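Presented sequentially are two complexes of chain A, the first with chain B as partner and the second with chain C.
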Partner chain A sequence: MAVSGPHKEDVQAYRAENLPPPPPPAGQSQSQPEPKETFLLLLFASAQSYCDNKESLTFSAPMTLRQLFEELERRYSGIGEKVLKSSQFSVNLDYVHCTWKGTMQGDDEELVLKARDEVGIIPPVSSG
Partner chain B sequence: MPQTSKVPNHSSHGLSSQQDAVKDTQSLFADHMPTSMTDDILSEMGSVRNYREGLQTNAPLDQTHLAHDFSHIYTPAPALASSRYNRQMLIPSISLLGQQRISAARILIVGLGGLGSPASLYLAGAGVGKLGLLDDDDVELSNLHRQIVHREDSVKQGLPKVQSAKRACEELNGECKVVGHEMRLAVGGSDGAKVMEVFDGYDIVLDCTDNPATRYLISDLCVLLSKTLVSGAAQRLEGQVLLLNYAVPPAAASMDHTARAERGPCYRCVFPTPPSPDMVLSCGEIGILGPVVGTIGTLMASETLRLIVRGLEETRKPTMLLYNAWPADPRSMFRTIGLRGARKDCLACGKEDVLKEKGLKRITKDELVEGRVDYVAFCGVSEDVRILKSGERMSAQEFLHLTAREAGTENHQRVKRPVIVDTREPHEVEMGPKIGGSINIPLTKILRQGRSIEEMEALLLDGKHDSMLFVCQRGNDSQIAARKMLEARRQRYETKAESGADGVGTMNGEDSRIAFIGDIAGGFAAIEKVIRTSSVRPP
Partner chain C sequence: MAAPGSLSSVLDPANFPQVLKSADGRAHVELRYDVLDVNFASRFIRSPTAGANVLFLGSTRNNFDNRPVSHLAYQAYPKLALNTLLRIATEVRLKHNLERVIIVHRLGEVPIEEESIIVGISSGHRGEGWKGAEEMLERVKERAEIWKQEWFADEQNQSGQPAAIWKANKDTDQHGRSINDG
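Our next item is the complex of A and B:
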């Protein structure tokens, strides 16, 4: 038994998050459902290795930075201490002032992330 | 061809040479065109004709004088322009001044590995005046896939990286003065003063090292000595480049109210908290692709040259370049993140009064030189996990002997075998040793997916097994996995006990069907050691 391939639940969750919903059955309303409003979280270096080597994650907008990191800690227990504490954060390619001290603190912790925003977690890389 | 001597001279030879030259120029027209045509052209070029006529009608003395010495109207091209640096000097933003600055620049490269290799070669090639190379390591075979400044020959000779790189740089450009510093970058004792002295002999420092403690030390040294720092790092398929502690010209500083500091941010400003030691892995552990670290080293060389040409000043806002060699979206191969300027409460480069308000003090030169700033303690060391009791751990020796004995037992039905769970990541299993019959469930899955625990429980209770042994490379992850499993079993027992289910448990709260849940202490590293040193053959 090798548990290395993606689990069925993972695949279903991925589909639910990323694939368009199935077309409505014939005869029903033709109006398309609103596309899900999401923002992208980019994971670099150790943030990536901590989150099952995923390059990015998507989240529903709107959400504050603090809420985002709470959600991350729920999904990836320990990420705060191991990764976020030493990392820098960016929103749309600009640094934001946030520090992980058990929770997210800083001038920008209540910054609201909107649909199509791009948030980055940038841990220090030290090898070479 | 007529020869023009470098020193203008008035000898008859010099005169005839110059006359030959004039004749040659005329023959360019005369030999290839009919005379009438030449005259037509000359008549159109009135000014040229007048000039020539003027020459003819003037006293021969003047002509002689002109032929002897043109120095008052003619300056030869500067030697640099026709030098080996010509192609880079053709770039308008470099030109002569840029090359003169490059030729005068003093650059120190700390670390002659994957980053330092291309950086040293390109900077030597570009002709920096003085190139310092600092490292204390020897060249190894596993370096060569990415550390392109070194050669197999250096491995055979067991050469220090500094000597190996120095040889390559000198072979590339004999004009470049390469200075080797075969030393460990350390402070305290006599080392501190020595390191200060070395750093002080350069204008720009390139941090091409491989660990956080050294990175903070280099940054602090650069702050104290006002040296520009070009910092690069790479792991796996990613890299970062930062330009730090650069001088901001007064005009730019006063125009930009957010960055009043005289210098750009230092490494501590950008990363005030060191990475968790558990997440810090060297290239030897995490892996690195040659061209990735090479790209970062090359970008560092390019940034260094840009800064030299600009006169060691930077007016642009601080940024961090991120490189991902194999991104899912090809548009995100390079990203540049805008940073803030220097932190006023930075321990290395902050403002004294701001730090004082917070009860902090800036790091002084004396503290650093005397080794009173403990960089290793600041960055922490990865400690061995100790979360299992000794009764929950099996030594590698014991494991091998038990397994070997079981394999020798004739009646296999009577012996229940342990479920052996290998908690390494799949690619680590692929490249590492394996235990026959083991299953691979990476720790990341065990920690995040309740389903993995259920699967393991099902195996453990299938009637063929009576124990579960976790194993990993060093015996850290295996303890975490075993602890998780032990907790899951305890919870299961408590639930069953509360609901009054039939006796799966014993009085002391353990499941009677399970003999042992634990790990192999020291993991594969310990197993390999036992196999190497004893006659026990692997199962």
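Our next item is the complex of A and C:
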């Protein structure tokens, strides 16, 4: 879709002054929308079974850990008591200090999840 | 299992086997979907300075709590599980002065009598070897981000009983006795 934006010369003039390029004119959508800024919640074992056997869910960033799991409880009512209460949690492969007690509580409850982060729900393990 | 259009699964069997090794080459950990190779594990732990080689093979049992089991199915958080396995392998190797150590875990369906895990170690003498192998297995079962789903063969006969359940190692001891969380 052709967008009648500012003239090329105008853009170059802006750049010459080390300013960011001008925003698209009001009332016109951009032809290439920004990719949605999301992060991934990985589900394993009982967490997966509880969420219709989905292996992962996508959420819009930013969001705190507490907000994420409140949202999850809204979408999958009862998951807190059935799954989260006995689980641990990881962000980008590191365990975080949080436990589910009706809401997410602990030192990391206000940790902000950014785009492309990877959060994991770790239910009690059973290898071997 | 991934829903159509979803992001590619971290558990896609096409991305396995996955292996991590310690920088010194003495520890090897691996996740794979196909049959475990006991000979590979036994070759890996060989060392000219080892007089003892211990291999533990964990296999699928055909029953649990008097219910017939048809098979087990495993899944893992692969990147996290491999990190954890390598950390355990290295820590236990150093603690018990072991020569070489290997941990291989199978994912997906594991039929009766087939192995789901190999823990192998070599050491100068049998004393530290037995102890090291046991500690390595116990720590893996306690910590590694791997999950076992038990599938029962009696779903028709036991109304109200689920056909499959996710297990938790903390619920049973080394002898298969249940541990009361209290």
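In this section, the second predicted complex is superposed on the first by the 93 of 128 C-alpha atoms of A that agree within 3 Å, B and C clash if a C-alpha of one lies under 4 Å from a C-alpha of the other, contacts with A are read in each partner's own complex, and residues count from 1 in each chain.
In this text, a residue touches a chain if its C-beta (ideal position, glycine included) is under 8 Å from a C-beta of that chain, and two chains touch if they have at least 3 such contacts.
All of these numbers come straight from a predicted model, not from anything done at the bench.
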Touching partner for A:58 - first (chain B), second (chain C), both, neither: second
Chain B or chain C, by number of chain A residues touched: B
Partner chain in contact with A:76 - chain B first, chain C second, else both or neither: first
Residues of chain A at both interfaces, chain B in one complex, chain C in the other: 42, 44-46, 48-49, 55-56, 86, 90, 93, 120, 122-128
Chain A - residues contacting chain B, complex: 1-4, 7, 9, 42, 44-46, 48-50, 52, 55-56, 75-77, 81-83, 85-86, 88, 90, 93-95, 97, 99, 120, 122-128
List of chain B residues in touch with chain A within their complex: 111, 113-116, 208-212, 215, 232-235, 238-240, 270-271, 273-276, 278-283, 286, 288, 293, 296-297, 320, 322, 324, 327-328, 332, 335-340, 426, 439-442, 444-445, 447-449, 451-452, 455, 459
Contact footprint of chain C on chain A as seen in their complex: 40, 42, 44-46, 48-49, 53-56, 58, 86, 90, 93, 120, 122-128
Contacting residues of chain C [partner chain A, same complex]: 1-3, 6-7, 9-11, 58, 74-77, 79-81, 83, 105, 116-117, 137, 140-149, 166-171
